[in-house]
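The first chain written gets the first letter, and so on, giving A, B and C; residue counts start at 1 in each chain.
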Amino acid sequence: MHVPADYYLRILPELVLTATAVLIMLIEGGARLGSRAALSGTVALIGTAAALASVAVQSAHRGEAFSGMFRVDGFSLFFHGLIIAATLIVLLLSIGYLRAQRLQRGEFYALLLFATVGMCLMAGSVELIMVFIGLEISSICSYALCGFWRASARSSEAALKYLLLGSFATAFFLYGIALTYGASGSTNLYVIARSLSDVLAGHGSLILVAAALMFVGLAFKVSAAPFQVWTPDVYEGAPVAVTAFMSAGPKAATFAVFLRIFYVALGRYSHTWFWMIWVAAILSMCLGNLGALRQTNMKRMLAYSSIAHAGYVLVAFAALGEHGISAAMFYLACYVAMNLGAFAVISNLAQQNERFIDLHDYAGLGFRFPLQSVCLTICMLSLIGIPLTGGFLGKLFIFKAAFQNHLVGLAIVGLLNSALAAYYYLRVIAFLYMRPATVEVSQPQRSLSMNVAMVACAVGVLWLGIAPNSLLNFVVHSAGALTGR
Amino acid sequence: MPITVFLLFALVKSLIAIGILLSLVAYIQLAERKIVARIQNRLGPNRVGPFGLLQPLADTVKLLTKEDIMPSTAHKLLYLIAPAIAVTMALLPISIIPVGRDIHVLGYTTPLQITNINIGILFILAVTSLGVYGIVLAGWSSNSKYSFLGSLRGGSQMISYELALGLALVGPIMLAGTLDLRGIVEAQSHIWYVIPQIVAFFIYLTAAFAETNRSPFDLPEAEGELGAGYHTEYSSMKFAMFFLAEYINMITVSCIATLVFLGGWHGWVFGPGWLQAILPVFWFCLKAAFFLFLFIWVRGTLPRFRYDQLMGFGWKFLVPLALANVLVTSLVISLR
Amino acid sequence: MNSQPNYMANYLPILIQLGLALGLSGGILALSWLLGLHRRTRRKLAAYECGVEPVGDAQNRFAVRFYLVAIIFILFDIETVFLIPWAVVFRSLKLFGFFEMLVYMAIVLAGFFYIWRKGVLDWNTPERAE
């Protein structure tokens, strides 16, 4: 049996990440009691950086691998890069965060990297079973990470809730896969597309049910309404570093799967599933933003905000076609940068046992901790969608795509929601700079890696807002590749 | 062969197999009592019939007329289902164990097994692992502390040694290149796998003792600490059903050991035609009987393990050893 | 083989055997119910606990190690499930198959090493309160 070397190069990032994670398991196993977290953290950083570099190798070997299970194209390259970069940022901030929380266990890094492997597989797989395996790898690691702070009852509660609801949603997804297989006779997305175009008659309702089931499973993972109820509790209970991770990588990876399955395999049936996306988009935006208005806990607020942002991406999704896809991809990149930046600052300020996590703790911090405050401000402005930030351009492309496809109602609801959202984002900035301090917030620990993470996110947000041309070109190209035009 | 005849054959073979099994179990039990008694310098049962040969019958009658007790705190349905699961899952694997080559009856050719499926080993591994439900449910539904602890121990022990058992079989499967039990036996016409796979053989044997909860791995029913273990609360024939299951499982693992490691029905075949037809079956039975004797012999000889020793031995010795055996076997095969 | 009407029909006798086995175990249960004595007293129906009144309920919390064993078992059982088809087709895969399995096993063994060192497989140490 002969397997071309190209196949291995096409999954090089996954291989590097897996090897690093296994290495960390060995390092941790070497310490019979206790942990070697510092060493593991360094190894994880190096491994992830190497994985990011190996995306470049991957990009030089586009094509399919392992009997068409895995596909390296612009679309998967974009998500590989995004996911691994997000993991890199999360690693940087969790090194300092774990030290502050006295949660230094190397297993954290191993779980993080395994989850990243799963997400990369999701981004690159064009085979439903592989997608499912990737989804499970990343989900199971996320469940464990949620409960990583074992001394905290909230953390355990979050892990249990996430596990129970998550496995339920996964079952929906799997059932959808089974029905798709039943209707088309294949689990390969491209083969499904071909066979569905051949046997148009008779399978419409079956495909609709399958699409609905897969939609439920995936909507849960991206916390889109009406499957969002778990999000605030889980985001609040999980350690901040994990919340940051969950709100970035898995969301991007799941949207990659979402777009791939619905556009490639079920593209022909867009008239049947379009309405699901439309309704979910409106519900997510409205429920997310309305929920966020009343929150003073920063983690809960960002949890609701992440529901709303899932709604914006769904607007782009509903816009159908290349414009929609490229807008969704670009928005996801911006979202990952700004959200991670916000969480990096929160995790830095939270300190031991996450004491300072409430909005009122942030009063008057603006001039005491300038670096953190500036980074947080930039990210908040971007989350609103103020010009010169990535958030602005992202929203612009989304609503442009919506208008182009005559989704005027959807676009207007989105715009109104953006205006509504400005209130609670601006409130953070107002607290930072315009309120006198009410709580004695102690000096957060100095951590080079955390500072790097914060600054990198802020710079990323600004770069996406000011000079996004190269990324935009790439995104438009790969979106075209996805729809096959 | 028309399907009706095929199914009729299967029914007849099933009935014969179950009949043979039940009487075999009765007499293995008698043999065990006799042999263990001899090892311990006692006489064993010798009052009912010549040499105590009717003892099993007397036992059955006694058990049947004993009081049928259902503890008031027990979970009634599961309490009744548990022994049924144990017996059913013990009887099921027998249906695919071949005891000899094809035979010709009434003008039809039929294999000497209830049915021949090509994934025999996989089926046996799957079904025998279901037997653990009988034990776990029995202990849990009895709602007695001894039963509960016994079933916990039994469940953990059985799943732990199931790994070693499954891994030990991978070596012979690799050599034979098939999961079909008849195929594995035919592949041993030159050399019995006990020779190239001596390590796997001993792992299998050890794990088989633990799988059937036999001494020295009979911790789930350690009298000194747990009463009777998971069947503490069972009386009359319900109690006997667990023994029935245990002895049928002993027969099953002995048959598998014979088929996979000792060449099944291969042996010296000579003499006139009728003798040539019978001899393979005779060799098979002889080899299986050897393993059954081994079960009894070991019980009469070895002391019981401690629980931590049992788990440590299974996980830290047998599983790594079985994995190493798989790797070495595959390396040798691929280099050849 | 001429004795096989078709492939799936080979599984039918297993159903017959299953029916007979269920019938047998049901029959034994019924027989022991019919033939056995029924003289119930409250104390006789109580759970056995060295002859004293049973204390509390038996379906209680128990050591987490039993859960851990079950979880690890599932992992390794799946490994075995992967090994068996590999073993069947191994001869046609040659050295490639060997090295692929080596990689796979290395990953599994890394996990095995980890749980071993973390004391999951030790049963004679008192449980750590964490």
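Just so it is clear, a residue touches a chain if its C-beta (ideal position, glycine included) is under 8 Å from a C-beta of that chain, and two chains touch if they have at least 3 such contacts.
Worth saying up front: this structure is predicted, and the values here are computed from it rather than measured.
In terms of the stated touch criterion, chain B and chain C have no partners in common.
In terms of Cα centroid distance from the overall Cα mean, chain C ranks first. Greatest centre-to-centre distance from chain B is found for A, with centres as Cα means. Mean C-alpha positions place chain B and chain C at a centre distance of 15 Å.
Measuring from the averaged C-alpha position of chain A to that of chain B gives a distance of 52 Å. Chain geometry summary: the mean Cα position of chain A and that of chain C are 39 Å apart. Within chain A, no positions touching two or more other chains are listed.
Touching two or more other chains at once are residues 93-94, 97, 116 of chain C. Residues of chain B in contact with two or more other chains: none.
Here chain A touches chain C in the complex through residues 1-3, 18, 22, 25-26, 28-32, 150, going by the rule given at the top. Those residues of chain C that touch chain B in the shared complex are 1-5, 9-14, 16-18, 20-22, 24-26, 28-29, 31-33, 35-40, 42, 44-49, 54, 57-60, 62, 66, 69-70, 73, 76-77, 80, 83-84, 87-91, 93-95, 97-98, 101-102, 105, 109, 112, 116, 121-124. Chain B contributes residues 1-3, 6-7, 10-11, 13-15, 17-18, 63-74, 80, 83-84, 87-88, 91-92, 94-96, 102, 108-111, 114-117, 121-123, 140, 142-148, 152, 155-156, 159-160, 162-163, 166-167, 169-171, 173-174, 177-179, 227, 232-233, 235-238, 240-241, 306-308, 311-312, 315-316, 319-320, 323, 326-327, 330-331, 333-335 to its touches with chain C in the complex. Residues 92-94, 96-97, 106-107, 110-111, 113-114, 116-119, 130 of chain C are the ones that touch chain A when the two sit in their complex.
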